Amino acid sequence: MEKLKTTDVKKILDVMADTAIENEQYFCKLDAAAGDGDFGSTLAKGFKIIKENLEENSKYDIGELLKSSGMLIMKSCGGATGSLWGSAFRSAGKSAKGKAELTAVECREVLNDFCGGMKKVGGAEVGDKTLIDALDPAIKAMERSIEKGVKDIDTLLEEAEKAAADGAERTKEIIAKKGRATYLGKRSIGYPDAGAVAVSMMFKDVNNKLFRS
Amino acid sequence: MKKIINKPETVVDEMCEGIVSAFPGLLQLDAENRIISRKDIDAAKVNLISGGGSGHEPSHAGFVGTGMLDAAVCGDVFAAPSVIQILEAIKLVRSNKGVLLVVKNYSGDVMNFDGAAEMAEEDEDIRVEKVYVNDDVAVTNSLYTVGRRGVAGTVFVHKIAGALAEEGADLAAVKAMAEDVIANVRSMGVALTSCTVPAKGEPTFDITEGDMEFGVGIHGEPGVSREETVNAEILAKRITDRIIADIPFKAGDEVALLVNGLGGTPAMELFILNKEVQKILDKAGIGVYRTFVGNYMTSLDMAGASITLLRLSGEMKRLLDAPARTAALTI
Amino acid sequence: MKKIINKPETVVDEMCEGIVSAFPGLLQLDAENRIISRKDIDAAKVNLISGGGSGHEPSHAGFVGTGMLDAAVCGDVFAAPSVIQILEAIKLVRSNKGVLLVVKNYSGDVMNFDGAAEMAEEDEDIRVEKVYVNDDVAVTNSLYTVGRRGVAGTVFVHKIAGALAEEGADLAAVKAMAEDVIANVRSMGVALTSCTVPAKGEPTFDITEGDMEFGVGIHGEPGVSREETVNAEILAKRITDRIIADIPFKAGDEVALLVNGLGGTPAMELFILNKEVQKILDKAGIGVYRTFVGNYMTSLDMAGASITLLRLSGEMKRLLDAPARTAALTI
Amino acid sequence: MEKLKTTDVKKILDVMADTAIENEQYFCKLDAAAGDGDFGSTLAKGFKIIKENLEENSKYDIGELLKSSGMLIMKSCGGATGSLWGSAFRSAGKSAKGKAELTAVECREVLNDFCGGMKKVGGAEVGDKTLIDALDPAIKAMERSIEKGVKDIDTLLEEAEKAAADGAERTKEIIAKKGRATYLGKRSIGYPDAGAVAVSMMFKDVNNKLFRS
């Protein structure tokens, strides 16, 4: 696929929502190991509302779609998740403003701004044991592919998925520097970051259900 | 999981209803945004808002009323309220003198309160100041970049800054007083059992009969170390020594003491713990001006307790003793 | 057993110290006889004494102070205080106007308070009256010859009779008011878990995840039936209906409501339960004049709650709202 | 033995105390089944103090010995036990007033007044599922023996022990009408009354350690 249309983005959001909803308990469990055990619930709550909204609003362009998703999260979700994902979607929405389709390059840009929104609000960088550890490498991988001349989104996302999975896996070995897991100090070692795992699973599910068939 | 609830999804909404229906003359509820506020909001004084995840009752809604908070915003269990909820609370208690947000220092809380403050100032033209309570001395790891977390000491901020606001002080003065309290308050807690988050339905962490989590937070996040249980005397010593060493508190200081239950520990044990803490402070030459014993900042049904010391100035003493009429504290 | 204590043998003595050291301006302790009393004992008013086994904190010591009790006598955990302890308390607060003993109706309590009253009158020439609180509607078995037992409703007796005594009423009037409260107050409780008596070190009764003890007492004695756990709405209905049917309370009545935690149940759940009770009372046309939610009469660390309704006269309303300054209740 | 001297009564009290102290946990457990689980602790607490007092006061006659034991219980023990046993010992003390030895007949009288003290304070009768169900039949059995002309205390106590054991056993089958077990209604069936078992065990231990050798 060379371009994502609004309907494609909707499908992607729908798959992301399913990942969040189906793994609510699992993500809670991961957060419980080193955080407070609510990540799965908050994420699922936000994405349930996004999913409902997808059906209701069919007239949005991609920018509006992402922005309105961000607003919905900001309204309904609290916790770190509400703020981070709300900000991420709103940044991504700005990035895709007025667009009805995205090229591979634009696709990476939107995702980059999504990640930028999280960084702005949360202040985390790679190595802090947060979802940035999955998201940032994924975007870097997409960038490398684009530099190599790759134009199709399938390949890009394939690379992103791998990088995100590696990044999530690596969070097991590091001490948290952001989020609730921080308070554990060294005791956070050995458990992957719940947010990073969620991001990685979203890439995988999107690829499996939408691109890899 | 054994809880008196209807279903996990609605615990916070129903609790909000339950609080306000118990104090219909004092409190009102914005159910959509889960804001519990004073019925007699006074736009001519600095208004205080606090809030955070639910599960810490009576914090914070129990401290809404004359002389403490003007509104409390309730997030899901252990999750900060959303930006929009907080924004609506700011709009609700907007005042000519400005609004002070009392935020417990957790990433989620800070992000959401900051986001709401920004929107209130930019879009609604309301003067908003924020203070971040970070009284927990448990975590001292140098790797730790987000600062200490806020726990039971928050209640002293509500009480003292709230009393000053009630007297008509301006926003800068109320904020300065809140920050003064924050600079002088230290806490630490211990858990004998885990709490059980309703949505999860089972304990957040496993713990055996002989162990306790030392330096535990108020969200069921594990403590800084798992240790063997000890008796009340040793426990009091371990916690209090750590708190005293932190500021440090010195002989001749006068403090307010809060022996706080985490939800599942009965008053009998809190009073025994208090007895031990009083002995230690007495020996250290630290005077206890006023003591509070009870469930002030809980962690659902967790068995355990925390100890908080606040070094008092003369002004703080006066404000601590000032009248307060709230659901959970009347002075 | 996970408890913040030093050793089982000294829990009551240490708790007494812990209470009094938290409120040094208000309370004083006779350590030998485990009597916690007001510092400012007034021999010109009717003085109220209550007490009983320990483990029900804040009852009764938490209600000693202006406008409620003048002394509380603390027995061992769940065992009434001895005749001599009670006698010493009567001597301590002896007054020209006489002394009223507020006794929860249990064989052990009745025997010991009666014995002490007899000795005080005969040997010490002190006028003593007694009232027996028997608000628990759980047990209705006809075989049952000792009468109902006294539970959380006792706190309303302390508050209302205490307020009248504070105003200077005479012994007959204070006793009559206490009896009026007793005639109009009804309670019932439910336990989700057993409590653990420190000396025993393990739960008094076994109970599985899916069960609750319905109509439980406050000493870990099992309830009238073991039932499957139900949600807050059904639980509230089952208890409240039984209470309402008992006097019976009628549409148009005005009541004081106490949603009481048994020690291990956090405020969140009590507030949810309150919400449900309020709905039921509202539907039944029973007006709630004032609501109390919290741990007033506990059973150590038991998870569970009780509901108390008191049908109010105009005079009772006034006395309920009268000032009280105690460790656990300030009005 | 035809007569009990003060020293014999002391030995009996000492054995009773040991029974109470050694079975503290067991009696608590029995009380927990239908009551509130503290009977063993209260009884042990009272008898510990009686035991200490035995050593200190060697100049008492039997009446004073029993009365002072009652006063000690009344001071140190609360609960139903403090009142019941305190009253029992004080009544027994009155009964034995001024006596330095007791015949078999006097022995029964003292025990009868002991039981009377309990009945006066507690108001319980046989069949209420209390310690009266062990004590009353024991006294009746002694009475029957005396009527038959028995003069030695060993035989009397032998009969008492049997009757007390039977009485305690029978408390299993009845619904409590006094004490905390009352609140259980029919649920108190199946468990013996803690107080009755304690009385029965005291008879047995006294016989085993003092009379049956």
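A, B, C and D are the chain letters, set down in written order, and residue numbers restart from 1 in every chain.
We take it that contacts are C-beta pairs under 8 Å (C-beta built on N, C-alpha and C of every residue); 3 or more make two chains touch, one makes a residue touch a chain.
Bear in mind the structure is a predicted one, so any value in this text is a computation, not a measurement.
**Q** Keeping to the contact definition above, tell me which chains border both chain A and chain B.
**A** Chains that touch both chain A and chain B, as defined above, do not exist here.
**Q** Please work out the Cα centroid separation of chain C and chain D, and write it as a whole number of Å.
**A** 32
**Q** So, what's the distance in Å between the C-alpha centres of chain D and chain B?
**A** 55
**Q** Approximately how many whole Å separate the CA-defined centres of chain A and chain D?
**A** Roughly 76 Å separates the two chain centres.
**Q** Please work out the Cα centroid separation of chain B and chain C, and write it as a whole number of Å.
**A** Distance between chain centres: 29 Å.
**Q** Which category does the touching pattern between chains fall into here: line, ring, star, complete, or other?
**A** line
**Q** Considering the complex alone, what residue numbers of chain C touch chain B?
**A** 1-7, 11, 14-15, 17-19, 21-23, 54-55, 57-58, 62, 192-193, 209, 212, 229, 231-233, 235, 259, 263-275, 278, 291-295, 298, 300-301, 303, 305, 327, 330-331
**Q** Give every residue of chain A touching chain B within the complex, in rising order.
**A** Residue list for chain A touching chain B: 25, 28, 32, 34-38, 41-42, 45, 74-84, 86-87, 121-122, 128, 175, 177-187.
**Q** Looking at the complex, which residues from chain B come into contact with chain A?
**A** Counting only chain B, the residues touching chain A are 53, 75-85, 106-108, 111-112, 115, 138-139, 141, 143-146, 149, 197, 199-200, 204-205, 217, 219-222, 224.
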